[in-house]
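Take a look at the structures below.
After this come two complexes, each holding chain A, first together with chain B and then together with chain C.
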Partner chain A sequence: MAVNIKINGKAIQAEDGKTILQVAKEHNVRIPTLCYHKDLNPTGNCRMCVVDVNGWRISPAACVTPVWEGMEIETDSEKVMKDRKLTLELMLANHPQDCLTCDVAGECELQDLAYEYKAEVPAWGAKGTRYKVDSDPNPFIRVDMNKCILCRRCESACAEIQVRDVWGVAKRGFDEVMVAGAGVPMLEARCESCGQCVAYCPTGALSNKMSYGMARAHQVKKVTTTCSYCGVGCQFDLLVKDNKVIGVHSNSEAPVNGMALCVKGRYGYDFIHHPDRLVRPKVRRYLLEGGGKPVSSDQLSVISDRLSVSSDQLSVTSDQLSVTSGPWDWVEVEWEKALDIVADKFADTRSEFGADTTGFLASAKCLNEENYLINKLARQVMGTNNIDHCARL
Partner chain B sequence: MTNKHIIHKPISPEILEFANNHEGSREAALEVLKDIQAHHSALTTDSVTDAARALKLPPHQLYGMATFYSMLSFEERKKVLRVCDGPVCWLKRGSEQLSVDSGQLSVERTSCLGLCDRAPAILVDDEQAGPIEANEAGKVCEGWRGAPMDYSKARKGEVRVMTALIGKIDPDSIDDALANGVYGGLKSALQQEPIAVLSEVEASGLQGRGGAGFPVGRKGRFVANEKRTPRYIICNADESEPLIFKDRVLMDTNPHQLLEGMTIAGYACGASEAWIYIRGEYEYQARRLENAIEGAKSKNLLGENILGSGFSFDIHVHRGAGAYICGEETALIESLEGKRGEPRLRPPYPPTYGFRGQPTAVNNVESFCAVPHILKNGAEWWKSLSGYKTPGTKMYMVLGHVKKPGLFEAPFGLTLRQIVKEFGGGMLKGSKFKFALCGGAAGTITDESLLDVPIDFSSGQKGVSLGAGAFLICDQNVSPVAMLRELLHFFAVESCGKCTPCRVGTWRSLEILDRMTAGKGQKGDVEELKILADLMQVSSFCGLGQSVGIPMKSALAYFGAEFEKAES
Partner chain C sequence: MAGLAASFGSGAMSNSMDDVAKQAQAFFIIGSNTTEQHPVFGTMLRQAVRQRGAKLVVADPRKIDITEFATLHLRHRPGTDIALLNGLMYIILEKGWEDKSFIDERTENFDEFKAAVMNYPPDVVSNTTNIPVEKLYEAAEILAVNNPMAVIWAMGITQHIVGVRNVMDLANLQMLLGNMGKPGGGVNPLRGQNNVQGACDMGALPNVYPAYQPVTSPEVIEKFAKAWGVKTKDEGGRVKDELTLSDKVGLTVTEMIPGILDGRIKALYIIGEDPVMSDPDTNHIRKCLSSVDFLVLQEIFPSETAVYADVLLPGASFAEKTGTFTNTERRVQMVRQAIEPPGDSKPDWWILSELAKKLMDRISDRVQKDAPHAGWEYKSTSDIMSEINAVTPSYGGITHARLDAGERLQWPCLNAERPGTPILHTKQFTRGKGKFMPIDHVPPAERPDDEYPMIMNTGRVLYHWHGGTMTRRSEGIMQVYGEALIEVNPDDAERIGLNGKTHVRVTSRRGSIEARAWVTDRVPPGMVYANFHFPEASANELTHASLDPVSKIPSYKITAVKVELV
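Moving on, here comes the complex of A and B:
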């Protein structure tokens, strides 16, 4: 069914049941929002999206008010512009003027609207003195409730997307504040550090701890990529500054996951530039030098434990155990070489002990297709059914 | 993945038992929290978390409730003495504070207790007491509680319908009620088709007595027209707005009248079950209602197959825990469902999407109390009670500097002058009328220029609100600035905090009024109050924030000069 309405004087046929905000958007009329997010159930509590409706005593919130037959809506009347500005000022009165050092400056929805509406920060108010800054020990999420505008997007994101129900509202009136669980640290309230709440927070109240202070929005290049951790294939943006990955942001266009990511995808990026990261194959020195498999220091200590003797009582020469130049050293080689060694070892093992003494463990980081190929390799090339997948562990 | 921060601890067996006593129902969250508090004198993070686990709810929800309702506390308390901070008590008590030996009692300030006719009023745990002067605290410890006002005698000019049996029956006796004709309306209703009952109420023109004046019959029809069942009836007995105490008197003096009205409503709407949501401070009245329900059941006036009609109906009493916003019908429903009392998005409205998402009629105590009389005597009779265009009678409360403060029943169309002179006995000796707060805390403040405006649900536009029917009369010594400060204190304390304009606007307005009343006003304060009042009125999420601007703007309009004087 359709209803006839007017938005800013323009006659529009709108679908019954849609909100003013939805219809306006379809007709390229922009209405500012803060607590609204298209992925979340609307709550209508920030009152930024108020519009004028002819004949109405109050200004309804566009994000939660359905269109009705005959409605005449003004989205930018002097009155609502003034009211939005004032509502912003009420938020800013109790908001620290921290944009200089705030992690999200430049991509903060509150900052953008304050600028757009030329809001003047009132002289009164709490100005960021009410709560402890960086108040939560969560290793990934930085919490500064002074910056919170109580839009409750974090609560909805955690409840509706992650289904962990960590965040909620406590107290009432001016004292109202977001809390995790019964007022406990996030991790004690079943938080799994997915960072969904951070991604949906329109302000710097929830921000990313690991990248705090590392780059402004305009200083990073966003590189859209697919997560390397598992086969779901979530997409996100790597934040790159000076050729270094300093963080991960959700990319709302991501086809499989939208804004959602898990803790590994969002926060497990420090391996990228880690000094211990393997970037080329390495093999044990003895494999290159030929000859048998020497006893390793680990094995020695196990043996010595079992015999209850100290390891130097066993007759091993010190260079056999040496870490720097012994047969157990890791040596960087070409892929070609490394794969040859693996293939030889597989072939040797199969011919000496039979195919079923080999096995294949596939990785969740691989795609279905790749896992299928591993299965082919195991069954048809090697001839064994010993095959498993790490996602089962 | 294991999380080292979650240490598995079994739920406390005691809390499990509390939860099991309510069949583990999530709707009983508030009861479980109250049980814990009653046994341990305070809530703790652990007990709240355990309660959440026992009810399979997220801990934040229970913590959100525990910190929302003012009667729940994380502080160890002894016997709790709640001292009313409301405007009527303030007017009576002045700035003098009740001095209490805190060795025996934990003293708390609280919003209006609904005992405005006993101002200055207090609550000792759940015992209502007053009036009490500042130097009389000693007698409270000795057990003194005072007595409720006696309304058994009608004032001159009263037309008594709902109050007709005050003092004539023992409210705790079903036999007394029956002997005096209570439940006659129900009997007559049960002999008609439900639709005919609805039509009768519609024809009577009865408007909701909670303040908004929505036609009671029409709301009933919305519910009856919904195809889905079960449908529910809810009686709004939250009565937490300063100045208002009529519902308490109605429940106290004739609880069966309310049960009868609700049962008729249930029959008319095709509802099966009902709740009376009564504010936690009315424990005494809640017990009286529970007793009345038992009495009615014993006579088959409630329960299965009422009086052989085939209609079955049950009424439950649900106690709130201290929150004015729970009087707003959707917040009430949220609270009844075991959540924070925050208003819901509307539409959908309760008749289509109410309690448990089912069709629900929410009506005020007084609205239900009028219904049996309409069924018994007919819509025409109801209309004939009033010489004014608004039919029927209404409960009024007159308070403040009049000789005979209290409650009375009369038709519509009264003027402030009549209310003060004829019903209130005139101004106190030495007192001259300066202004009235009309309707309730969320009503208009008017000066003497409006003394002759006939009052009904539409007179608010002319400057005299009817609201729930209360009028606080103030003499020459009361500063409208100070009165407005008291009101804003109330709204700031009671704002639920959901939306920005009300959450911050009430707080900021109070800050300004605080300094104006302390002689530290600043240039621009009046202008800022006006701007805030406008914003709250048009931009707030619910009726609470939307009505804060009413007393603010009217006070500024009529007493602008006094406000301006307070600027410097």
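Moving on, here comes the complex of A and C:
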């Protein structure tokens, strides 16, 4: 059923049951919001989206007020503009003035609205901080409740998306504060470290600890890609600065997961830059010197063999060990050399013993295109069907 | 996948996560720790239960996290899935809850199947599974009267010697209830690795070319021989075998590595896998890998397997290359390069192309360079995808350009005009009619005895990934979950005197590990649960290589062990 309403003087037919905010958005009328997020049930508690309705004594919150027949709505009357500015000033009165060093400056919804409404920090505002900065030991999520505006998006995201109910509200009045569980560290409140609360937080109250201080929003390049952990296939944005992945942000357009991610997807990215990464092709020394493969290729047993020799000639062999000139030592080589060695060995094995004595294990971590190539390499070039991967494991 | 191929003619998740989570009236999760292994899909299921009251039956010996949301949790004895499923289907038939018109119109072999199920009356099943009769009735009713119902499973079903039979029995259940081919229903095996579906689709399997085209089929061989410029056998009978495409099914991973010891495999090329951590019976794997003539490992880290490698080739991580992954619901999605590979490391497709060119120089006469897809001169993965489009029917219309334009494509997508296929089997099954398979319960390969009186179950945990090569190198993750934990039931903890002590030693017929115990009723009495994320205490030191006879999947989930104080 449709109802007839007016928004800013324009007659509109709206679907019954929709909120003022939804109808306004459908007709490209912007109403500012803070606690509202399209993915979450509206709570109507921040008062940023107040509008004037003709004949109403108070200004209702557009996110929770349904439209009905004959409603005449003003979204930017002088009165509501003033109300919104006052709402923002009340928030700023109780918010640290540290945008210069705040990690989310540039992508903070409170900062954007304060700027838009030219809100001033009231002289009578609270001084100093009330809560410990970085108050939670969770290794991924940085908690600074001084910056919380009590919009409760974290609570809704945890309850409605993650369905874990970690966040809740404690105390009342000026002391009202978001707490994990009954005021315990997040992990003790059964937090799964998915970071949904961070993704939905409109300010710097909840931010990402791993990337803290590493880049401003305008300094990063965002690259939309697909997660490399499990088979769900979540997509997200990698945040890149100076050829380094410094973080992961939700991408609301992701087909499978929307804004949702798990701890591995959102925070398990630092392996990318781990110092253990292999960065040069390496071959065992015996392959360069032309000798045969050491009797046992188990490096541990090779080392222990050498150590047992050293027990007779201790001083000499400890020097020899540090020289690392054994046939089983790694030697870094150029790609050309490494690939020549591999090609020689595989071609020789093929001609001497047959293609079916060679085997290829592809990777469920690699691209489709790469797995296709392994299949082609084994079948077209080598002539064997000995190809498999870890699907069975 | 082999199980579904037998029942339906093709093996893949039939539905999409979105339609399952939004439209199923009931879920049956069996052998999937969904909230820890597929966390984001797990939260979608939690939402369905809490926000729209969907019913959830979980069958799992462990009290995994998702059981908090279960309408009913069946804690059946490990290795009795078939008895449980047949028992539920017995009750469904007894009550007349089966979908008779679906059975008549879309399936065959029902009578033979029904005769097998009739051997599983509730009292017998209750004895085998340790589930009370009334709970069997309760479960059968929830699953049968709430329609559509979606079945969800993972390796808890397949990693048994009867894995394929387990899967076929789940296919039986969904045909019996008419839950195939519609939103909110279906058979939904969750694929573990990010691109295990894609690796299978691309022919990284010993028995099929891309898109599951059999290596034994003369037509398929001719098709690929023409595309790749390899000779075919029918040229006057004078073409030698080594110049043709092989029509012999190759070895699986669980045959190749042990095949080293008897000389069947002499040179092995491994890309991005860590058999020392992820394959069963680590001691045996170490012995095999240290005996191979030549081992190449293409990796991003010096994994546990690198110790045995002759050559290490540095590959690129997902952040360093562009291409596609295919998720568990057959959705092909772009992976995009964000940074340059570190040092001299290279994208894996570049390494393979360069190697192939060098090999072709050395193996002369085999490849005719003028065939349409004989060459290896790829400038990008988009070039490779064009070749995939040409030889892989189900990927025929999936291009980087379409994906970059924002199209959402699930295979089969036969050509550039088609939109892709979110739900399989809507009108008919790939093989025509769905085939009911009579399946009987078989006890596990390894059973507890006096010396090894307990059962060890294995798997992953939320914070870590498989062999741990990546997640053990993630600082925050190690802060939260920094060492192997072995789950021990409080009753067993009391029996072995764990009171005040922290560590246990778990020993099987093949090996022994020591780790910190986590005393928890997540595991039932008589069972411990261990993971394989940490080399110093990997469960695979203990597991055994008994394989499902068809799929060759190891029976990871049931190992007889003894547990002692350290």
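Methods note: the second predicted complex is superposed on the first by the 275 of 393 C-alpha atoms of A that agree within 3 Å, B and C clash if a C-alpha of one lies under 4 Å from a C-alpha of the other, contacts with A are read in each partner's own complex, and residues count from 1 in each chain.
The criterion applied here is as follows: a residue touches a chain if its C-beta (ideal position, glycine included) is under 8 Å from a C-beta of that chain, and two chains touch if they have at least 3 such contacts.
No experiment lies behind these values; they were computed from the predicted model shown.
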item	value
Chain B versus chain C as contact partner of A:A338, first or second or both or neither	second
Chain B versus chain C as contact partner of A:G354, first or second or both or neither	second
First (chain B), second (chain C), both or neither touched by A:G70	neither
Partner chain in contact with A:G181 - chain B first, chain C second, else both or neither	first
Partner, of chain C and chain B, that touches more residues belonging to chain A	C
First, second, both or neither for A:E192, with chain B first and chain C second	both
Partner chain(s) touched by A:G17 [first = chain B, second = chain C, both, neither]	neither
Residues on chain A lying within both footprints (that of chain B and that of chain C)	187, 192
Parts of chain A lying in touch with chain B, wherever the complex brings them together	42-47, 50, 57-59, 61, 64, 66, 79, 83, 86-87, 90-91, 93-94, 124-125, 149-150, 155, 159, 165-176, 179-185, 187-190, 192
In the complex with chain C, residue positions of chain A that touch it	139-140, 160-163, 187, 192-194, 209-210, 221, 223-235, 238, 240, 243-245, 255-257, 260-265, 267-274, 276-284, 287, 293, 296-301, 330, 335, 338-347, 349-351, 353-393
Chain A partner contacts - residues on chain B that touch it in the complex	1, 3, 5-6, 45-46, 48-49, 52, 58-64, 66-68, 323, 340, 345, 347, 492-501, 503-508, 511, 531, 534-535, 537-541, 546
